[in-house]
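There are two complexes below, and they share chain A, which is joined by chain B in the first and by chain C in the second.
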Partner chain A sequence: MNMQAQNRQTAAETALLDSYNAQIGELPGNGAVISARDRLVDDLKTNGLPTRRVEAWHYTDLKTLLRSIPASGPASSVRNPAPLVDAAALIKTRQGEADGNVSVDGIVVGSYADMLREGTAAPGLSVIDKDDTIGKINGSFVRDGYVLEFPAGAEIGQPIEIQALHGAGQAHTRFPVSFGAGSKATVIERHIQTTDGQAFVSSVSDISLEDGAEVTWIVVQEQGADDTHLAQVRVRVGNNAKLRLFVINAGGKLVRQELRIDVAGEGADLQLRGVNLLGGDTHTDVTLVLGHNVPNTTSTEIFRNVVFDRARGVFQGMIKVALDAQKTDARMACNTLLMSDDAEFAAKPELEIFADDVQCGHGATVADIDDNHLYYLMARGIPHNKARAMLVNAFVAEIVEELEDEALVEALEAIISNWLEKHA
Partner chain B sequence: MLEIRNLHARIAEDGTEIIRGLNLTVKAGEVAAIMGPNGSGKSTLSYILSGREDYEVTEGEILYNGENILELDPAERAAKGIFLAFQYPVEIPGVATMQFLKVAMNEQRKARGDAELSTPDFIRKVKEAAAELKINPDMLKRPLNVGFSGGEKKRAEILQMALLEPKLCVLDETDSGLDIDALKIVADGVNALKSPDRAVIVITHYQRLLDYIVPDTVHVLYKGQIIRTGDKQLALELEANGYADIIGQAA
Partner chain C sequence: MAAVQETIDQVRQIDVDQYKYGFETVIEVDKAPKGLSEEIIRFISAKKDEPEWMLEWRLDAYRRWLTMEEPTWARVDYPKIDFNDLYYYAAPKNTPGPKSLDEVDPELLKVYEKLGIPLKEQEILAGVDKPRVAVDAVFDSVSVVTTFKKELAKAGVIFMSISEAVREHPDLVKKYLGSVVPTSDNYYATLNSAVFTDGSFVFVPKGVRCPMELSTYFRINEKNTGQFERTLIIAEEGAYVSYLEGCTAPQRDENQLHAAVVELVALDDAEIKYSTVQNWYPGDAQGKGGIYNFVTKRGDCRGHRSKISWTQVETGSAITWKYPSCILRGDDSRGEFYSIAVSNGHQQIDSGTKMIHLGKNTSSRIISKGIAAGVSQNTYRGQVSAHRKATNARNFTQCDSLLIGDRCGAHTVPYIEAKNSSAQFEHEATTSKISEDQLFYCLQRGIPEEAAIALIVNGFVKEVIQELPMEFAVEAQKLIGISLEGSVG
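Right after this comes the complex of A and B.
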């Protein structure tokens, strides 16, 4: 269907297409990559950005919400944030391009720009489905990123921290990461704005866990107050592999974080946890599409959302259990604290179950701060705002503490309390 | 230290008047007991002293060291030295007890313009106070009051009081749910705080606690008013004869 016929092109849509045209010949890629990009841009041009009429985008009408797109091209981006945990090996992109030569003991680090130039990236520049707008945008504009390969059996004790840094302007990165059979690792993926100004950011992490791999993957989104952040984590979890995926949103103006997870190997386990800290006039959407596609797999998904001011949050959680995925055990919960009368959160958990011998459940709650708790803390001399922040912290701390790693827990708690100090 | 004059207060939500023209004076250094049948308004009075928003003062005033405190929020009152040991302390999951104690102590210090405690000093103080009250240190590792037994909660309240060193201590039925050993420990804790510049208000049903925390004055609260004031003899009388006579005389 040609949406353009129905909808006039918005300023942002025009800017996107103009931006692509302006970068023709400049974006890295061989012939195959360029045709893949052209196809994606063509799709964007024909179909436009998704509106609320597209079910997958119903709560995030990107066409309306995305008002403008800053020009591409580098901006100065000077800050060098310290890694979340001291011991981490840092891998950085700056304004969408690899920053410095990187080598990390025990793993193979390659350049995604090289993959684009050589054409090996071309097959990955495809969409998951027709509503994969993030895949389209990122595939069109991506310039660089890192390719990480954790060899089979590698046990990497040192956490790896990918920092995607940017100032104003555009930044589009991609990180294909494979964890070999039996490997063990912790990766932190951070998106950080380092200077003021509006940014338009897209990022795709394309992760695979081979048999028996055990991985902790932490996404920390700390974008600026004017930034659009469109991100996707694509994961395939192999036989007996265990993935602990933790996502925290603590920034951005317009955010869509998609989690597209394929539990593809028997005995695989996914523990997904999310914390969404929303304030100001922001819009944040976490969309999960989780497929349990083989028998005997397990997963739990818990999201805790705190919404201040006039912020709007969305959680769409779709769990699909395939016909032969017997003995699937999947549990999803989405709990929200609304901190103001104008705050909003839409939670849409969905189960689509084709197998008959499964245990699946979901629940969603919305509450505000318990006045009795607030009074008790205040009666001990803790001022209102501080007491409120403590209670919000309490609401999300449970999720963070599950990570067990003390340094990591402390670092994430610091992000949460810093955020609360600014917003509560 | 505390002067309550013709206090009228109602439940904010539905307007029911609970405190109906209450007068009470408590001097520095004094231990005052408030007794009275269930539902008289004892807890309500303590909540109003602490600044709980669920109640609305419609008339009268509360002077604390000469200052009208009705406009202050609970945190401000606490920083000025008003402490209420709750009849039913709430459980707050996710808030670590130690963190709570530290924040409370330091926020009160900040409000008074004192320097914050260092972590070692803080830990030392808590350990000492907990040992005095025979509180199992493991309890302090749990979230605030979560899974504490009734008696443990009461002791935890007294621990907070010992650490915060308030000037006006209000104990709302701290004795209920305590066995005799725990009662003595708690009473010792309260007595240790007694000083010429502090006052203690003990709300209780039973003479038992008053054997250990000996009151200077005893007040009977009934239907939102103090209907009788006396010395510790009055408590013994109530123990022997119940409230009926006094209520009859007041009516």
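Right after this comes the complex of A and C.
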């Protein structure tokens, strides 16, 4: 009886496949890329979008939640948001296509559309696993993006900001980025809506850190209130490389943010921080799959979630420690504040451990604001609303401050307080 | 300290695959033919002299079962079970309702003696310092003898086999059977509903505190016999009962399927404490044989201020698939789950709990200690959820895993679902190996490595051991030591 339900296409599934057929003529790609795309679309057609029966999508039943797919159309706005920090070098895509010619001192910037046309992008279009729906959708529809190469030993002081801008319609981008051995850099990846209207966005950042690279990568998602945002950050961390990954979700109607991290080099270290600000009638899912695959690696992950209104939040965090990944030290925490009676949050922090000489742990809490803290502030003459806002702010700001870079911290705090002003 | 010393001794005595309770008793057995069909179910029902409604209930479950698929989500791996290659009914032949212990097959009594079950009333009564324990002994599928019945009856407590209860208290059975674990609940529960052969029935009436601990010892004896126990415990308003379930089984070559269902119902202000020590045959050193243990245990805190507490020590079975759960329906009700799961050799354990908060001001506590050694896989899988109306729901969860050796795996899969803002959930999990410092400390004082590990592990699980009734706590500590035998080196 379930078989029937599986094969029945929803309106959104039909729209997705129709949209592919409508676009196929104009999507860049040589023969290898086209056949890779066709395979992905066939997979989507045969298996449909995942339901809650698919464990990896248990709390985000995409088949039910994804209701409609807007038609793909050209950019309708030329709004240019200022970079997050003044000094940053800007690299932009608009409606899924590269915007202008870009060059940044010290790094090599290439066009992803060229990679598709030449066919060098074809191997990268394969999915990570059978539940990699984001990989399937993005691989089918991706039009453009940037290929960034940080040469070995390069120390880029200036932050690089990738802005993925779009209005109503569709945008599918991909950013393969490699950090050469010993390079140092800060990259900000922003997803911003520039005009109103429903957008269907998919994005894959494919990042590799060679030996000894030190990278700060910041993802800021500020999609529109009607947008669907399906994003994936794939990372491979090499020997003695250090990655600081920071993710803020502060927008979108239906958001799935996947972080797929392969800690693949000895001595590698990952510091992952996330802030999820959820309000309105939205659904946001952050799914982390973190593999410690070699001995002597470390990681810490901290997520802070604030859920207002009728929003639903999901955190799935899996730490996998491979058989010979001895001396792994991995710790994860997920703390959530539920700010309204209709707010919901589901957390699934998982440990999958096959090595014995490890230190692994996770903690998860879900609660309302502590009445004692509220009372403390109110007793000092601070009105109820303001006191609540202060406490929420403190709850998330705490981990933003870890970034150290003052300009960056200020800019991120501004995003948080703007959001809170609108929603709290 | 005496118990610890005993553990050490036992660890020394026993080789890896010399299962302590691995002996076979040769008794004539009355068996149904192999396989599963409506005829077999009619046969079981007729053998047990059941009323028509019970047969219909079974057949209904069987028809549902035919449409269901075996669950595959658990982290366990085993060859496909041929459900038509099993016996679904086996009863010891010479026991057509024994009137006293004298009528019981002496071979049977010897088995119990070897297991150390205090079956004979006089023996229990003679033990001046021993707490009183009533035993409903299950030998394969039929309750052989029930002790202490009279004394319990005086208190108004009904404690008998479920087949007797079907005949003697049909109204109670009808009212509660399947009300916590419905026949359609899951694959194995549905199978159990169709073919369950026996189990215990406990009814503690309003305001009664059960005067003694109730206990059932399970035995799986006959080759290829699926054991399908069904236990139903009801505590009426303000009642209290503590129930112990302990298991041992003889050594076998072929895998044996066990799919039990336990249902608990607690009405207003009632409390049920359910403790399990499970040490069925885990298979040999090569992972051959061993029991498949697919159990559905669920408690329903139906009344306000009711409480259900599960405590389990899982050391046996080749495969364990078990999630004793609490439905916290009544306001201010409370659920507890304390678990020790030890896996060694090729054992696979996927166990945990569900705490479903439905009423207001409900609270729950989960303490789970997993110990993996050898090439075993040990998974904690648990769910805590607060319904929209379950205001002020509270949960605290702690699951710690200990790894002994580098070929085993420990996994934690919690599902935490909050649907209202007043819910307060805390979850923490850790995984690590035995501390080198602690081990060094013991070795330095002349304690051999294996004994030191047993000692450290017993410290690791202390929080759970403390929740066990006294007589079980000692046995559990011994078992943990035995289970970890051979895990070093």
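Just so we're on the same page, the second predicted complex is superposed on the first by the 408 of 424 C-alpha atoms of A that agree within 3 Å, B and C clash if a C-alpha of one lies under 4 Å from a C-alpha of the other, contacts with A are read in each partner's own complex, and residues count from 1 in each chain.
Heads up, the rule we're going with is that a contact is a pair of C-beta atoms (placed from the backbone, for glycine too) under 8 Å apart; a residue touches a chain by one contact, two chains touch by 3 or more.
Since this is a predicted model, take the numbers as computed values, not measurements.
A.B. asks: Give one of first, second, both or neither to describe whether A:367 is in contact with chain B, with chain C, with both, or with none.
C.D. replies: A:367 contacts chain C only, not chain B.
A.B. asks: Applying the document's definition of touch, where does A:394 land relative to chain B and chain C: first, second, both, or neither?
C.D. replies: The answer is first: A:394 touches chain B but not chain C.
A.B. asks: In the superposed arrangement, which partner chain does A:384 touch: chain B (first), chain C (second), both, or neither?
C.D. replies: Touch partner of A:384: chain B, not chain C.
A.B. asks: Counting touched residues of chain A, say whether chain B or chain C comes out ahead.
C.D. replies: Chain A has more residues touched by C than by the other partner.
A.B. asks: Just to be sure I read the superposition right, which of the two partners does A:376 touch: chain B = first, chain C = second, or both, or neither?
C.D. replies: A:376: touches chain B, not chain C.
A.B. asks: Touching chain B in one complex and chain C in the other: list those residues of chain A.
C.D. replies: none
A.B. asks: How about chain C: which of its residues touch chain A in the complex?
C.D. replies: Touch list, chain C to chain A: 73, 388, 401, 403-433.
A.B. asks: Given the complex with chain A, which residues does chain B contribute to the contact?
C.D. replies: 50-54, 73-75, 77-79, 84, 86, 89-90, 92-95, 99-100, 103-104, 107-108, 111, 143, 160, 164
A.B. asks: Given the complex with chain B, which residues does chain A contribute to the contact?
C.D. replies: For this pair, the touching residues of chain A are 371-373, 375-384, 386-387, 390-391, 393-395, 397-398.
A.B. asks: Show me the residue ranges of chain A that touch chain C in the complex, using the header's touch definition.
C.D. replies: Against chain C, chain A makes touches at 55, 58, 323-324, 326, 336, 338-341, 343-368.
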